[in-house]
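Multiple structures are listed underneath, in structure tokens.
Two complexes follow with chain A in common, the first pairing it with chain B and the second with chain C.
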Partner chain A sequence: MAHRRLQATRQLNRLMTKHYLAARHFHPMRPIAYVSSGAPVEILRTMGFLPVYPENYTALCGARKASLSLCQTAEAQGYSPDLCSYARTHLGAIADPSAAPMGGLPRPDLILCCNNICGTILKWFQTVSRLYDVPLFVLDTPYVKGKLKEETINYVNTQLEKLIQALEKNFPRRYREARLRKVVALSNEATALWRDIRYLCTARPSPLNAPDLFVNMAPMVVLRGTAAAVRYYRALKTEVEERVARGIGAVPVERYRLLWDNIAIWYELFRFHRYFERYDACFVVDTYTGAWSGLVECDDPIRGLACTYTPILLNIGFAQRAERMIDLIEAFQVDGFVMHANRSCKPYSLGQYAIQRLVSERTGVPGLIVEADMCDPRAYSESQLKTRIQAFMETLSMRDSPYVGPRHL
Partner chain B sequence: MATSTAYPVGFQCAGAIVEQLRSSLGAPCQKQRTSPPSLGYMCTYVPEEIIHAAGFAALRILPGTAPAFIADAWLPGFCCAVARGCLARSLSGELDQLSGLVFASTCDTMQCLGDIWGMARPQDQIVDIDTPTHLDSHHVMSYLTGELSRFAHEVAAISGRAISFQTLWQSIRLYNRKRQLLRQLEDSREHLNSTDYLVVINAGFVLPVEAYVALLEQLTIQLSEESHSEVATGIPLMISGALLEDTTVHELLDELGGRVVGDDLCNGSRYYDTLVAESGDPFEALAVRYLHRAPCPCKHAPAHSRLERLRGMVRCTEASGIIFALHKFCEPHAFDYPYLAHTLEEEGIPSLLLEVESTSSRGQLRTRLQAFLEILSL
Partner chain C sequence: MYCHGVDIGASAVKVILISTARGVVDQATASSGYGARDTARRLVAETLSRQKLSPADVRYTIATGYGRVSFAEANAEVSEISCLAQGARHLCPDAHTVIDIGGQDSKAIRLLPNGTVANFALNDKCAAGTGRFLEVMAHILGVDLEALSHLSQQATSPVTISSTCTVFAESEVISHISAGESREDIIAGLHRAIVDRVLGMAARVGLAPLVVLTGGVANDDGLVQALSSRAGLDISVPESPEYVCALGAALIAAARSQ
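Up next, the complex of A and B:
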């Protein structure tokens, strides 16, 4: 059975196309800023920069099956095939825009990088900043193990203040706190709506499956802090609520409720998940699209940004990450979880064995680890994955018998 | 600054000292020694001086000979051999003697390894230190100073021995002496072959600092006095990379007629190029060294700074080429490589990329090094 499409998706395509066109054509006077997915974009929006997300663009290249050739272009220039495939895709698109979807991204005027998602982003954006010879602003967010320390907040807070000063100095743009409050309020509204939508999937059957979540997270990343994102998520929420009210599930039959951990396998997004559909399984929740779920405290918005953007999913200790997963498993009544060991993303993937053990021990819910890559299809071995998925689904089907312990893969 | 009497050093020729250092590397984590207790660390952004001031020996964990597959239950296949090798040593029980481990959040892998280690070895005491990615500006300095002093309190709590400024200054002076001697050794690099030089450096991460400084004092004197010691010959080369604890590349170069005349390694010049100022506030002094030392590529330094450093070292050492010995899956270095290699190539400095792994085949390395040396000798 074909994937049940959401009406809102058509609107989403228009929205995203407009976003990429805007960067290229609509606002010739507004400086373009490349931004990492976890950076406090609210500051850039406040000051009238036009944010563009290379991570979103390269995921799109993956979904359009254009990433492989772009990766190879980058590799021909000396970039190791073991580097992050988002970075390779982007570097390939810079080297050969004619081979890239939409002719590549427009040239940036500045780059803002926040290392709360990984250290890779720093190296990737350093490289891009050198290639374009544009300034790179780095927001360093210390790793948070346990409590978020006062010193850490102050360190990030000071950097944000310096960032604003530097932006005002380098570009004819003004910062106004009142404007930031408005942007942050929009950001919070979209974040809250997106959270509500995700939690509508606690319903049985779940109205959405992982591919729906992955496709619909785009405005959360790319248009955070805009009215357009709020409008989109309002419409989407209404549609999803309607599905819940009418008992419409994302998959034809929902017998198993699964959790997904890690970034999507973009080039196989629908096919991969459809394979689970055959076993009547639906991914009702994932850890990735929930990474943009922190609300920003508005009293002191700069400090609020520091407090929200520092302890995000990939910048907290494994114990806390496991804790968040356990909470999701309970809230969404999950029967099993699938972890994508993503060769491209070390912070997300290196600890999965440890987290899998902890989560399974605590919840009794079994987990499966599958190795692949978010944008490089060469790391995806279909028949091998199918065998493993089959075995896992068989385990789940025998779950009426008492659970004997965690599976160590 | 007291030299430990527990490790008496007799008068020896340079060769014998090198042999003594070599044997210290083979010993699994000083099992035969009972004191002093050690704290292990992996990344050189961990302040050894503070560990030492708390009464510990600071022991750098180098990936050893423990079979790496032991760590497969905790790490996926796409993790570097350094993290894998170190964790494997611990899981095989080689590091049971340690009083604890210190992790610095430098690269993604090190950051994750700290957490994985805590879960794989719950019996190990783990201390974290955050070293900022920024290397400039005033507020970075104050953040790092605060972090160093917090770290000192934590380490002191483990040892039960408070760190006074006085003891910290003693430790700083001792480690400064170590780095100074290493710089001196670098100046007489031509008296040692490439392998022996690396062995001497590596032993410094494993031996207690007092014993090592004593041996280095002797070695540097001996090297300058033994006028008969043959001057190493061969094609002069630079070597760049992260940690290169394995001596295979150096052994092959010695064998094939190459000679390492300078390095940009984390167990090399990046470790000893900058000393701590011996005045003012000790934590500030330590912080200044961190911010000013030749940076690891994980740090945010201007794009050209690594290039300029390499270029300068090549000019200074008159190296004919550079070997980039990079660990597979080490992103920070792999991102910088194309730019460094291409720019240097354009300036007439040829380079060779070697991907080193614990499983690297010696035969393959030999062929590639041989070819590179032949090209250089044309």
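Up next, the complex of A and C:
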């Protein structure tokens, strides 16, 4: 059996379909907000906006193998092939909705962009805001090197307060702190459940493999702050706990436990990880799906949002990222790690060689860097990747039994 | 007992026959061409007939190289990285880094003290910095591949060639030819371009002495000198550097057959 499917997956498909349908049909009066993946969506939910995530949508286009033609459409319009493939996929879907899954995303009424994930998102969303002629709200989160400073928190906090004022001014929507507390509580509950689910993979064999984590992270991003997300993760947690209790692993044989770094290769999600299954390897943990695991302090929820959303994975220094990886390698008893040098995502991929060296030196665990792209299959070279994967898995197996050759020859 | 190591590379097939008692007893190579698998079969048969052996005398065969999966006669296939590490360590027990420049790709491998692989890097999606690159350039310069080495050493002021792409580098070389630059200076420039690219990749794994250079391109002394002077390190080149990967395959075959 190549890949053990989760029962919850069917429920997940229904949930996500409902989300995209809701955006298009169910709530004609609710203003639609495009949101970047790392933005504090709780504020929008509190005020009754309907958040839609272009990044989640473009990942979905990748998984449905629709991203290449959409990227090409964007390139034909003059966007550089070096631009992030999420941005190109989205811009392509706007230009030609008929070629896009679900006919593209519904038209937004506003856009909220937080630059804690990258700089590209700012220009991408700026372009989209121009194309639809809708307001763009920008939340600037300074890069955190070392400890999160008081002045940084104050700076982001002030912006969040101003954002609320601006939203109230531009839309007939009211902000209520009591409502924000409720939304943040739901957000925290789902986050805690997701964290528990991920840590259930410290079990041997691991109940989940990387594709399971990638697929199941969608509600964490898209439905954060809703009761639906909490319900989903409760059901998923029960199923995963059951797997652990019965000793069911995600892969048929688990001999090597691996860690994945960077965004998934969406268009090859299952096939790519199956190469590793051949060598009895399972990705028991990754850095990407853990990027949505910060809890928000509720005493002063706006300040809490500033504290949680500023020092996220892509907005901290390399040394801290390496520390996080080392912690995961220890907690999940990882034998090797694989870093996806993702042509599209510069902030995630920059520094990977330095991080690889640091992590390997500190833990003695070897790392492999594979080059590809999250949504542009032209950057994916199967035979080259297979050679690297094979060599890496041989390296892991030979470490157990070093062979130096017959001495007398 | 005999074992075969069969390296089906992008440019050439290399076969090594070892006896566990006597070491390497025979070797053979031929251009890969279209039917690399048939070439491999022919070379395997050749080594056997020269040594007056039959296929039954061979206990274990390991295939490696780009065509490794297609060689059904092998007992197992192993990646070039593992084979190169084995082969290089066997020939140079002090080796800590292996740089291999083959027909279509280049590799840098860092070894652990016990001879196993600590880390490795392969060239990206591009043939610049490989044997194929030199073949293309030798062709447009109207010289034999073998002549590149001594011509490079006669250069007085090597030209600068961007090392990003074989196809673009070819146009660059043509521009240099039109500008009246000497062959020697262009060839030395090409060597530098390859060396800079390979060293950039090797820096990812770290260059720990002793550095061993393998692959067919290691036969080009001009390139070895350029590599050594740019890296500021002694570079060790084993005899028959193109066979190191096949030798590693044969050694792993010998170990597995026991």
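Following the convention adopted for this analysis, the second predicted complex is superposed on the first by the 400 of 409 C-alpha atoms of A that agree within 3 Å, B and C clash if a C-alpha of one lies under 4 Å from a C-alpha of the other, contacts with A are read in each partner's own complex, and residues count from 1 in each chain.
Note that a residue touches a chain if its C-beta (ideal position, glycine included) is under 8 Å from a C-beta of that chain, and two chains touch if they have at least 3 such contacts.
No experiment lies behind these values; they were computed from the predicted model shown.
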Chain B versus chain C as contact partner of A:Ala391, first or second or both or neither: second
First (chain B), second (chain C), both or neither touched by A:Arg30: neither
Touching partner for A:Ser383 - first (chain B), second (chain C), both, neither: second
First, second, both or neither for A:Asp82, with chain B first and chain C second: first
Partner chain(s) touched by A:Arg204 [first = chain B, second = chain C, both, neither]: neither
Which superposed partner A:Pro366 touches (first chain B, second chain C, both, neither): second
Contacts of A:Arg179 with chain B and chain C, given as first, second, both or neither: neither
Partner chain in contact with A:Trp124 - chain B first, chain C second, else both or neither: first
Which of chain B and chain C A:Lys162 touches, first, second, both or neither: first
Where chain A meets both chain C and chain B, residue numbers: 353, 357, 369, 371
Chain A-facing residues of chain B, complex: 73-79, 105, 107-109, 111-116, 118-120, 128, 130, 132-134, 137, 139-140, 143, 146-147, 150, 297-298, 300, 303, 326, 328-329, 331-332, 334-339, 341-342, 355
Interfacial residue positions of chain A with respect to chain B in the complex: 77-80, 82-84, 87, 115, 118-120, 122-124, 126-127, 129-130, 138, 140, 142-143, 145, 151-152, 154-155, 158-159, 162, 317-319, 341, 343, 346-347, 349-354, 357-358, 369, 371, 408
In the complex, chain A residues that touch chain C: 353, 356-357, 360, 366-367, 369, 371, 379, 381, 383-384, 387-388, 390-391, 394-395, 398-399, 402-406, 409
In the complex with chain A, residue positions of chain C that touch it: 18, 20, 22-24, 66, 78-82, 86, 89-90, 112, 114-122, 124-125, 204, 206, 251-252, 254-255
